[in-house]
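Take a look at these structures.
In the two assemblies presented below, chain A is common to both, partnered first by chain B and then by chain C.
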Partner chain A sequence: MKNKLPVIAFLLFFCCLIFFPLVFKTPFPRHVLIMVFLYATMGIGWNIIGGYAGQVSFGNAAFFGVGAYSSAILLVHFGISPWVGMLVGVLLSALLAVIVGYPCFRLQGHYFAIATIAVGEIVMVAFLNWNFAGAAVGIYLPILEQSLKNFEFHTSKLPYYYIIVCIFLFALAVCYFMEKSRWGYYFRAIKNDPDGACSLGINIRKYKLYAFILSAVITSICGTFYAQYILYIHPSSTMDLMMSIQICIIVLIGGLGKLFGPVLGAIIFVPLTELTRVYLGSQGQGMDFIIYALIIMVIAIMRPQGLWGVFSREARGTR
Partner chain B sequence: MKRFCKLFCVVLFVFSIVSVAHAENEVRIGVIFPLTGSAASTGQVLLEGVKLATDIINNKYKLNMPLAATEGLPNLKGAKIKIIVADHQGKPEIGMAEAERLITQEKVVAIIGCYNSAITATASQAAERYGIPFLNDSSTSPTLTERGFKWFFRATPNDDLLSENFYNFLNDLKKKKNIKINSIALFSENTLFGADSVKFQQKYADKYGYTVNGTVLYPAKSTQLTSEIQKLKSYNSSIVLQTSYIADAILSMKTYRELNYAPDAILANNAGFNDPEFVKTLGNDANFIISREVWAKDLANVKPMIKTIADMFQKRTGKTMDGSSSRSFTAMIVLADAINRARSTEPEKIHKALLETDIKGSQLIVPWDGVKFDAKTHQNVLGKGIIVQVQNGEYYTVWPFNLATKEVVWPFPKWDKR
Partner chain C sequence: MNELLIVQNITKRFGGLQANNNISFVVNKGEIIGLIGPNGAGKTTLFNCIACFYNVDEGKIFFKGSDISQSTPQRNCQLGIGRTFQIVRVFKDMTVLENIMIGAFLRNKHPRDAKRKAMDIAAIFGFAHKLQLKASSLTIAEQKRLEVARAVATDPELLLLDETMAGLNVQEVKESVELVLKLKERGITLILVEHVMEGIMSIADRVIVLDDGEKIAEGSPRDVINNDKVIQAYFGDKYHAKRREFTTSIQ
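Coming up: the complex of A and B.
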């Protein structure tokens, strides 16, 4: 019985994933669901570097942007399928992670976080001024015939939903196997005591870099999905610092360094922002932001370790 | 497990969105503006413009304007306009989601919005997908009407046309005052706004046969412009076409004075030069700047209706009417007029009526020659900007000449002879 409960819970969760859009047939709730899983996936990506390896990154939006721009540029200028563009984006993001991570992981603690803010902003400014990539105007993706091959669907959101769920499950699987593997233990060792980990022979910089690359790859895939879903990208919608911070908040609300933390965070965070805006935002007095901020403050005070613990067994003291 | 159930109940509750029953005789129109975020204050003013227009349509007023004299839409048995407001927060994906929500859940028959060009881009995509007319009030990025959308219409003149206005103005002035222009220099900040403007200014200089001697781009948020302006001075052009935000606009004026640089005219590209702070900070040094605008209060001298509407606006909101609110106001009137002529709220019929729109300039509170959409791009072809000049610390319309309230002062007086 001891090991069956998580499996049952997960199967239940999986069934919900499949049947949710059949319950909610109008486009808006489906859009909210798509955003939930988009943010959950980005959260999982961030959790690997920020939660497991303990290196706070405020530059993950740069990977998101690189993913979005890689596929969009290849599609617009060279007519290459976004699926190929997604892979190219993944490679470029991994490369960017190495270029940024290699020097930056010499920095300790807060200084790494500061460096990632700078990197995120640099990438954004570069795209703002790069004419080939549409500069500040951005890129309008061509509207093609809808098909899985073209990665564009116009009459229904359902295909987008199932694609993002697949991406989400992939990211979850990566994170699950990472957590159970040698890497997972190394990452947590680096987070808890870098000097201790080093003395045990772990190459800290190498493993931090691995975590950063994994994180970049997952975030980049989300970027491509976003570009294909919204069909219009520009620097401030794809690589803004606010986005990096939102990803952070999602993981912190859900539970740092927990497999399902980002999922829970996104399930709470995204509908909350959407619904407060829909029901309170039209008066235009910022009421939605006030309530939203209040809820985050309450969570931060009542459960600083994130909400995941409330629903997991360890918090209830049962083993 | 019990807690899991609790969690799912909460989630299910959160997701269950209830749709509201609609009253019979009303025409629901979606309005999407940036009501929070960095453009919030403009968004509020835009919304007030739409609300005022709705009030005029729904009630009886004595104004020379479509639908003012009747209550509601006469061709739809006096149906009232009801606006459903949404906030896009300056984010493209929210603009798209809100447009979808308004269409599928709120059942709006048309949408007005969204001010920021980037959000108009995504929101109008959603409208295109569902086949709902989308009337844009104040996004000026030329690309928007080049996408070949069926359901997208734009009432405001775009940046392309507004840049061309400078050269129309110069040509008219040459004819009227017999002035000589040897060449033009372009001076601009280097972000999206400046870089794009320079592109159009260069394009039309070539088209109208003006020589551009040189272009100086400076980094936005500069604290020093001396070397840039010295370079500008060395071009020895009679006209400087300048694109700046408020801080650099003020800084450049101070530097012009310091370096005693006075070309025949400084033609400013709106933005910083039309900010209330500009005249307030510079006082008399702000005089004789010529700038482009989309709307000015003194247009009321030529079109008295403008004063009536601007006063109503002031009374309702305590704010002064401006280029944004006058355009969102106009968009609402244009859309309601089309729905009324369509005699129906079916999208196809509204689309056809929009294409047949022909509103005269005299019925508008904006300085356009009227509203008439191009059959292919759906851009309003009768839109027009105006040129204003600061004289004694006030902005006066100086072009087009038939709307002008003051004679243009030309050339720009030398700094020591003021």
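Coming up: the complex of A and C.
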């Protein structure tokens, strides 16, 4: 190891993760922390396809929805454990990614982004009209005895916090190993120059598909977690276009194509959303959104390459 | 079997425009072939057909005996055809080392092996001290060299170089010529598309001249330079007529 600093920084970060809930004992800050890591994980998922492979997807909420609905439907209608439902969701999301990605990856740049918006909306409309899945009313998950096996906790948010931290660390590890592997290099090559990449023997459609599947799997796990955490899901809370855009904004704020970019983005963005909603939500319609839009604009103007750059070596002008 | 690449009667059209018309030639192992012609002659089209960035409308292309006329660029590269681009297409956000590693990954799945190989190739191409620089910070000449290095990292048997000398100064052209000869020593067969005549004439074993989508001449550089059709294509009828007058008057 040439540089020990990142390792130490990561260990510190890891300790913070474990001790956070001991500092914040009331439910609200814990809820905010849970949402931070939920969004950070989704951001990591989006970063793989959008940041590393450079294919901007506005349809990632569809995978979130598929994850949430898979486990919820299996639990409500068949009494199957949400943990199994999580795996089923992962498989279905991967399948959806292949079905969507195979034709859409013929499109480049903006056209792919537009296609993903359409797919996301189609999935949402389908669920809005699907009676078996609760249609527009959504699904109330049954209240079961609280245990890790049932994936339900009612007296404290703490178990949820540790579960999402585990999921988050898993996603971070997946992204880390992806970045260091051949896939990571290939994704970045495809983002930089698709023609150059295929002249070097890279099957770009195949690797874009791999990136999309990875992204879908991580996002889908988040969906199942959300369903078990809120215990009520409906199409506009789990697969709205706005959610896809939020995930995308988190990564853009934090740093596109950087391992910790989405984490930083979520740490800034989620408390901002939650706090503006809590403190300004009653000040008249949409006050919270105005403030939060202003902050995003300021970041976009001051640091268009994302905030992560502030801490990285490139920003300090050393090579 | 000495023939590495066989191009048989290929035709490529873009709508009504016939960019390549019924072109045939053979490339032998270890040769350096120059592909020249005036602007719009169809050199780059022919080049892209061999690299399978375009698929030919008619005719066949054989590489090492297998038909590649309807293949894909990535398949071609796996078979052993490397290429560079007329307008540089290096991976700008990535470092020099990473650029070469992308090429090396084709035959070395593990990042550690790919890195070792990329370092070796970087040393050959004079990038040993620039490994950690972003590709975008290199000069155009260096970026062109990096493209060649990246292609060489895929272990090609046939390397297609598209105007690697265009826009370079005299010194850089000289270095580029040396580089091509170094590649030949490594046993790589080369096809060069080039505008810079002094670069290509000194190193090509054989030159193929295209004009208006057709092959008008093929032979050693010396023969081609004195070919009437070639002079006509390059300098126009008027000059050609004048030159003939001049030569006959001398005689």
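The criterion applied here is as follows: the second predicted complex is superposed on the first by the 314 of 319 C-alpha atoms of A that agree within 3 Å, B and C clash if a C-alpha of one lies under 4 Å from a C-alpha of the other, contacts with A are read in each partner's own complex, and residues count from 1 in each chain.
Following the convention adopted for this analysis, a residue touches a chain if its C-beta (ideal position, glycine included) is under 8 Å from a C-beta of that chain, and two chains touch if they have at least 3 such contacts.
This structure is a prediction, so every number in the text was calculated from the model and none was measured.
*Asks:* In the overlay, answer first, second, both or neither for which of chain B and chain C A:Ser237 touches.
*Replies:* first
*Asks:* Between chain B (first) and chain C (second), which does A:Ile204 come into contact with in this model arrangement: first, second, both, or neither?
*Replies:* A:Ile204 sits against chain C, while chain B stays out of touch.
*Asks:* Report for A:Val32: first if it touches chain B alone, second if chain C alone, otherwise both or neither.
*Replies:* First partner only.
*Asks:* One more residue to check, A:Gly196. First (chain B), second (chain C), both or neither?
*Replies:* Only chain C is touched by A:Gly196; chain B is not.
*Asks:* Go through the superposed model and pick first if A:Tyr185 touches only chain B, second if only chain C, both, or neither.
*Replies:* After superposing on A, A:Tyr185 lies in contact with chain C but is clear of chain B.
*Asks:* For A:Phe24, using the defined touch cut-off, is the partner it touches chain B, chain C, both, or neither? Pick first, second, both or neither.
*Replies:* First partner only, chain B.
*Asks:* Look at the residues of chain A and decide whether chain B or chain C touches more of them.
*Replies:* Larger number of chain A residues touched: B.
*Asks:* For chain A, what residues appear in both contact lists, the one with chain B and the one with chain C?
*Replies:* No residue sits in both footprints.
*Asks:* In their shared complex, at which residues does chain A touch chain C?
*Replies:* 180-182, 185-186, 188-189, 191-193, 195-204, 319
*Asks:* Quick check: in the complex, which residue numbers of chain C touch chain A?
*Replies:* My answer: residues 51, 53, 72-74, 77-78, 82-83, 85, 89-94, 98, 101-103, 105-106, 109-111, 114, 132-133, 147, 150-151, 154.
*Asks:* Could you pull out which chain B residues touch chain A in their complex?
*Replies:* Its residues touching chain A are 1, 3-4, 7-8, 11, 14-15, 17, 33, 35-36, 40, 43-44, 47, 84-87, 89, 91-94, 96-97, 100-101, 104-105, 118, 121-122, 125, 129, 141, 143, 147, 190-192, 195-196.
*Asks:* Within the complex, which stretch of chain A touches chain B?
*Replies:* 5, 9, 12, 16, 24, 26-29, 31-33, 35, 128-129, 135-138, 140, 143, 154-155, 226, 230-234, 236-237, 267, 271-272, 274-275, 277-278, 281-284, 286, 288-289, 310-311
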